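Next come the structures, one after another.
Shared between the two complexes below is chain A, which has chain B as its partner in the first and chain C in the second.
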Partner chain A sequence: GSRLLKGYRGGHVVIRFARGGCTNRPFYRIVAAHSRRARDGKYLEQLGCLDPLPNSRGEKVAGLNLERLRHWLGCGAQLSPPAEKLLGLAGFLPLHPMTVTGAERLRRRRAQEAVAQPADG
Partner chain B sequence: PCWGPRLVPTRGRKTRYDPPAKSKASRLKVPPPVDPEELVVITERYRQHRLVLGALRAEFRAEVLQKKREALLTQEDSARLLQEHQRLMAWNEEENARQRARREERLRKEEEEQRRQKLKAAETQARKREAFLKEREKEVLRLQEEAKTFITLENLDARIEECLDNPRNYNFAIDKEGRIVKRTMLS
Partner chain C sequence: MAALSAEVPARLLRTARALWGCRPRRGLGQDAATAGGEKAAKPSFTDEAVQNLLYKMTGLNLQKVFRPVKKELKPPTYKLMTEAQLKEATRKAIEEAKKRLIMPPVLDEREPIDDVLAEDKVLEGTETTKYIFTDLTYSVPHRERFIVVREPNGVLRKATWEERDRMIQIFFPQEGRRVIPPVLFKDEHLGTVFQQDRHEDVLNMCIAQFEPDSADYIRVHHRTYDDIEKHAKYDLLRSTRHFGGMVWYLVNRKKTDGLLIDMINRDLLDDAMSLITLYHMLHPECPSAKEAKEGKLQGVDLIKAFAKTESQKEGYIQLALQAYEEAMATSTAS
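Presenting the complex of A and B:
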């Protein structure tokens, strides 16, 4: 049958990353889609993009359409965890707990390694 | 299922019904270690985060609704729609008033009817009661009258004498025209 008009039972609108790009070169589009759609399939609206690999200046570039984001969140869209983390880092939403926890763990590990290094060397 | 060291999830090349490889026979799968204090801290942070997120969502929801309402108001023919709406509301109000009047009329009539019925019922009841009482009174009077002609222990002898002194003859014949004939062979 025709794949243009697909109906689902249940499901909800999600704001998540759709992976594009090539092998070993990802590129994410921040997209509002139904939760039951394929990851890279038909979406409702594109709300931005993210390049996860750092550019020549060492920056990871992302673009966001905050106006439409507000609209979709007002219509009751859910967020996937990576999208939440990105928006937390951008400042639109509060920081995600796991970002803070990850930073703490990294700091602790670096401190431990720093302690272990002079002990060995 | 609770993943113990025995159950291993198969993925990729093998289906779920293929047995695990021999090299993995002694594999003990344990979940990542959890630091309880860190867990407590993380739970608290998640709670706060979700609180803020909920508040933000409510904010955005209100915004969207406001925009929708504004768009509805500032339509091209909003004045005409408003007028139409008001006209229809007025007509509805009129209809309601009319129906209310009719309903009240009907209720009033029914109430009247009920009251009349009750009165009539009470009247008939009273009349029946009175008739009954009168009947009973008549009975009582009749009995009182008859009691004067009863035979008691005192009258017994006198009455017996009386009966014996006045013999009564009940023999009579009657023909088809209704004439009574008292003359018999016995008398």
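Presenting the complex of A and C:
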């Protein structure tokens, strides 16, 4: 059957990243799609984009269509964890707890390495 | 570097209406209010009287306004017209020229943005680069768009004007504008362009690239006007839409002597009188303004009074006036 006119049983709308770009050069589109669709497949609407590689000014550029995002969140869409973390960084949602946890884990690991290094060397 | 097409005036009309309508600005060169409070009668660039004077001085040289722009080579079209049709075509050309001569806005420099929305010390050390988030809602005007930056130290702040302009150009590209401003607009390179007498092209590019209240726009315009005033190349901008802005700049800084001499040398006495009227409107407390008001001077007397009291190059102005009067005498005699 046709891959585009698929009907699914169950599933819900998610706002997540669809990877585009080339090998070793990712580019993510923030997309509202059915959860059962392929990651890069047919989506309902594109809500923005994220370039994970920094540009010549040292910035990672992200665009978010906040009005449509609000619309889909109002329709009951769910967010994937990376999308939630990005929106937390943007200030649209509160900071994701895993961002905080990740930061603390990183700090603890760096502290342990700093202690281990002088002990060895 | 071709001059821009006629799309630009329409866009400028919209920008001009949007900017002038919502933010009435005072003219250039006027400092903040003194202890005595600002004078309510101080005319600004957008006043009708001022605009009329500037428009009269700009002149309407159809040959220069509709000078051929570098485009694709097409063979010229010839039309056979009656006298009436020719008159109609000229009238339409004059209307079109008036649209092309609408002056770009003159605004004060915009205040830098530094507003912190959130500080999250927990994020310090996790990232090495900053994130810029732009709101892509289509119906929001660019001035009110949300553009925020999350720094590596966890601070969430509003983006500076330069970052804003860059992001808006990336996501909503405008014709004639580049994401990173061309190197031409740096001070060291402007000199080369000025030597080639391409002031008008530089100003057109500047209007396309920068917002009217950005620091770069104002800096490039002031540099251009200073260079023109230094080398007395006023005729380069006559009959273009930049002439009004130049006159406004010079009158605010009281550097009108060169322009006055140039006008007298080209027998444009009406323009000279408009210039002095504008000067008196902007500096009502100067001695020549008071003299003119008391004596109700007109024409050559007004210029002579102005030259005596206000100008530095009085000698040159007297010489130019003498030459003009001799030319008038010989032409009426013969």
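Please note the rule applied: the second predicted complex is superposed on the first by the 117 of 121 C-alpha atoms of A that agree within 3 Å, B and C clash if a C-alpha of one lies under 4 Å from a C-alpha of the other, contacts with A are read in each partner's own complex, and residues count from 1 in each chain.
Here, contacts are C-beta pairs under 8 Å (C-beta built on N, C-alpha and C of every residue); 3 or more make two chains touch, one makes a residue touch a chain.
The structure presented is a predicted model; accordingly, all values stated were derived computationally and were not measured.
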Exercise. Report for A:A62: first if it touches chain B alone, second if chain C alone, otherwise both or neither.
Key: second
Quiz item: Does chain A have more residues touched by chain B or by chain C?
Solution: C
Practice problem: Give one of first, second, both or neither to describe whether A:S35 is in contact with chain B, with chain C, with both, or with none. | Solution: neither
Practice problem: Considering only touches as defined above, state whether A:V100 meets chain B (first), chain C (second), both or neither. | Solution: both
Exercise. In the overlay, answer first, second, both or neither for which of chain B and chain C A:S80 touches.
Key: neither
Practice problem: Based on the superposed arrangement, let me know which partner A:H71 touches: chain B (first), chain C (second), both, or neither? | Solution: first
Self-check item: Set intersection of chain A contacts, chain C complex versus chain B complex
Solution: 95, 100
Quiz item: Which of the residues in chain B end up touching chain A in this complex?
Solution: 38, 41-42, 45-46, 48-49, 52-53, 56-57, 60-65
Quiz prompt | Complex contact set, residues of chain C against chain A | solution = 117-118, 120, 122-126, 129-140, 146, 148-150, 156, 163, 166-167, 170-171
Exercise. Within their complex, state which residues of chain A touch chain B.
Key: 70-71, 73-76, 93-98, 100-101
Quiz item: Of all residues in chain A, which touch chain C in the complex?
Solution: 48, 54, 57-68, 89-91, 95, 99-100, 102-104, 106-107, 110
